[in-house]
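Worksheet: the structure to be examined is printed underneath.
The chains carry the letters A, B and C, assigned in the order they are written, with residues numbered from 1 in each.
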C-alpha cells in the first residue's frame, strides 16, 4: 500500500507525557503514513486519551519528538488537517445537528460536494436535522458528532472511543467511515477498549505499555 | 537556549544543583539577615533621635518602609521569574515565582498593618484612603490572586504557569493603579499626607533604614531558598536525587 | 439575570442609607457603576463554562482560525448579552437614585466605555481559570485589582460632570484604555486559554 520511502504523516520518537513529573505513558515510537489506520490499545488509565489530546495539540510535548509530514510538529502546520473527536463531543446542546455542522464547516471548511443534509443522512440522522441536540439519544449525539468526520476536509482523524454509546449499526457505520477514509489516503488513530472488528486490512497497533 | 546565559547559571537551573546550592547558602543569608536586622532595629529604635514633629511614633518607618519596598521588589522578582517560566518552561523559575508570592504578600500585609498603626497617631484614624495605602492594598489583592490561582489547579505546574501569566498582567497593572489612584486622590481632594515628605532625612535615621532594607532583602533570599527547596522536593518527588536524599536522611536518622 | 441582580442591588441602597434625595444624588453615579460591575462579574464566570463542558472550546482551539479573533467574537457576544442590557437599564437605576438628568449622558458614555473593558479584562481571567472548577470567588479576587482603574476613571468622569467640572479627560483615558484592551486582551485571552488548557 504505502512505500517505505514516503514521508510519514505523523512520526513519534520517544514520545511521552509527564503529569507532575510522573510519566502518564511512553516513551512511544510509531509512524503513521497516509492511508493507514492505527489502533491505540491499553487499559483504563494507560494514557490513550492523553496521547490523542497531545497529538491533537491540546497538550504540550515536553519529552520526545513529534514530526508532522517530516517537519517538527507545530500548531500552524497541521491546523485544519487534524480532526479530534473526544469524550466531549463538542456539540452545542441547544442547536440542531445541522447548525452544529454549519459551525464546524465555518471553522474548518467543508469537503467538496458535501453538505450538512447529505452527511446527516449518511450517519442515519435523516429526519433529525433540525431537532435540538439536547433531545437526541446518546447514540444519536455520537452520530451527529461523527457527521463532522464526513463533512470536514481533515487528513488525520484522532478518534477517542468512537464506538462508545453506539448500537451495532452505529459500530458498522464507524467502521465504514474509517474504511472510506483510509481508502481515500486519510489516516486515523483510534482508541478503544473492546476488540474492534475492522474489515479493511490489518490495522497498525500502538500498545500504550508493554 | 540562548548562548549568552553563562554555563554556571544554566547548571544552577537544574533542581538538584540548586537544591544543594540553596541549602549551603541559606543559613548564611538567614544569619546575616538576623544580624543586619538586629543592628538596624537597634539603630532605629534606640540610637536614632526622636523626630521633632512626630516624636517616637515615626520609628515604625524602620519596619514600614523596608516592607513597602520589599512588597514591590518581590513583585518585580516574581514577574521576571514568571516571564522566564512561561517562555523557557524552567521549573526552577516557576518555583521561584510561586514561592515569592506568599513572602511578598506577607511583606505587603506588614506594610498595611504598620501603615495603619502609624496612621492612628499621625492622622487620627486607622485607615485613610491615601494613594499609597490604597495602591498597597491593591498590590495585596494582586498577590492573593496569584496565590489563589496557583492553588486552584490540580496540576501544580499548570497552576504555576497560569499564575505566572496573571503575575505578568499584574505588573503591567501596578503602575496604572498607582497613577489612577493618585489622580483619584487629587480629584476627591483628600488629605494628601506626605509620609516622608520633601524634608531631608538625617543620617542618624537613614543608616538604620538602609540596614533594615538590606536585612529584609537577605531575609527574603533565605526564606525563598527554603521554600523553593521544599517545593523542588515535592515537584521532583519521583526523581532519583530526591529519593537519595530521603533514604540518606532515613539512614542518618537510624544511626542517631 | 444580571439585570435583575443590578435592579435588586440598586433598590437596596436607599433602604440602607435612607431616602434623602441629596445623599442618594451624591452617590448615584458610583452606585450604578459598582452595581453594573458586580452584575457583570456574576455573569463572567459563565463565559466559557458551557463551552468547556461540552468540548466545543477544544474544537475552537483546534480550528484553523486565529484563536484570538474567535475569542474576541465570543467576548463581543458576551458583552452584547450581559453588559448591553445593563447599560439599557442603567438610566432607570440612576433615575431611582435621583441622578441629575444632565449627568445621565456622561454616565452612559462612561458605561459604554467601561463595560467592554471589564468584559475584555474579565475574559482573560476567565480563560486563566478555565482549567479549574471553583472559580467564582477567585475571579472576583483577580478582577478587583484590574478593574480599580476602570472604576476610578468611570466614576471620576460622572463625579466631575456632577460638580460641573470638565469630564472629558477621564473619558478620554477610558477610551484610550479600551482601544488598547481591544487589541491586546483577545491575544492575552488566547494565550491564557492555551496555558489553562495546557496546549
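Methods note: a contact is a pair of C-beta atoms (placed from the backbone, for glycine too) under 8 Å apart; a residue touches a chain by one contact, two chains touch by 3 or more.
Source: prediction; values computed, not measured.
**Q** Of all the chains shown, whose C-alpha centre falls nearest the centre of every protein C-alpha atom combined?
**A** C
**Q** Could you tell me which two chains share the largest number of C-beta contact pairs?
**A** B-C
**Q** How big is the gap, in whole Å, between where the Cα atoms of chain A centre and where those of chain B centre?
**A** Chain centres of chain A and chain B, defined by C-alpha means, are spaced 48 Å apart.
**Q** Provide the C-alpha centroid distance between chain A and chain C, rounded to the nearest whole angstrom.
**A** 39
**Q** Just how far, in Å, is the C-alpha centre of chain C from the one of chain B?
**A** The mean C-alpha positions of chain B and chain C differ by 32 Å.
**Q** Any chance you could list the residues of chain B touching two or more other chains?
**A** Residues 155.
**Q** Residues of chain C that touch two or more other chains: which are they?
**A** In chain C, the residues touching two or more other chains are 198.
**Q** Mind listing the chain C positions that touch chain B in their complex?
**A** 124-125, 128-129, 131-132, 134-135, 138, 141-142, 144-146, 148-149, 152-153, 156, 159-160, 188, 191-192, 195-196, 198
**Q** What part of chain C is in contact with chain A in the complex they form?
**A** Chain C residues touching chain A: 53-56, 58-65, 197-199.
**Q** Using the touch rule from the top, collect the residues of chain B that touch chain A in their complex.
**A** Per the stated touch rule, the residues are 89, 155-157, 235-239.
**Q** Which bits of chain A are touching chain C when the two form their complex?
**A** 56-60, 79-80, 82, 84, 86-93, 104, 107-108
**Q** State the interface residues of chain B toward chain C in the complex, per the touch definition above.
**A** It is residues 86, 138-139, 141-142, 144-145, 148-149, 152-153, 155, 158, 161-162, 165-166, 169-170, 173, 176-177, 179-181, 183-184, 187-188 of chain B that touch chain C.
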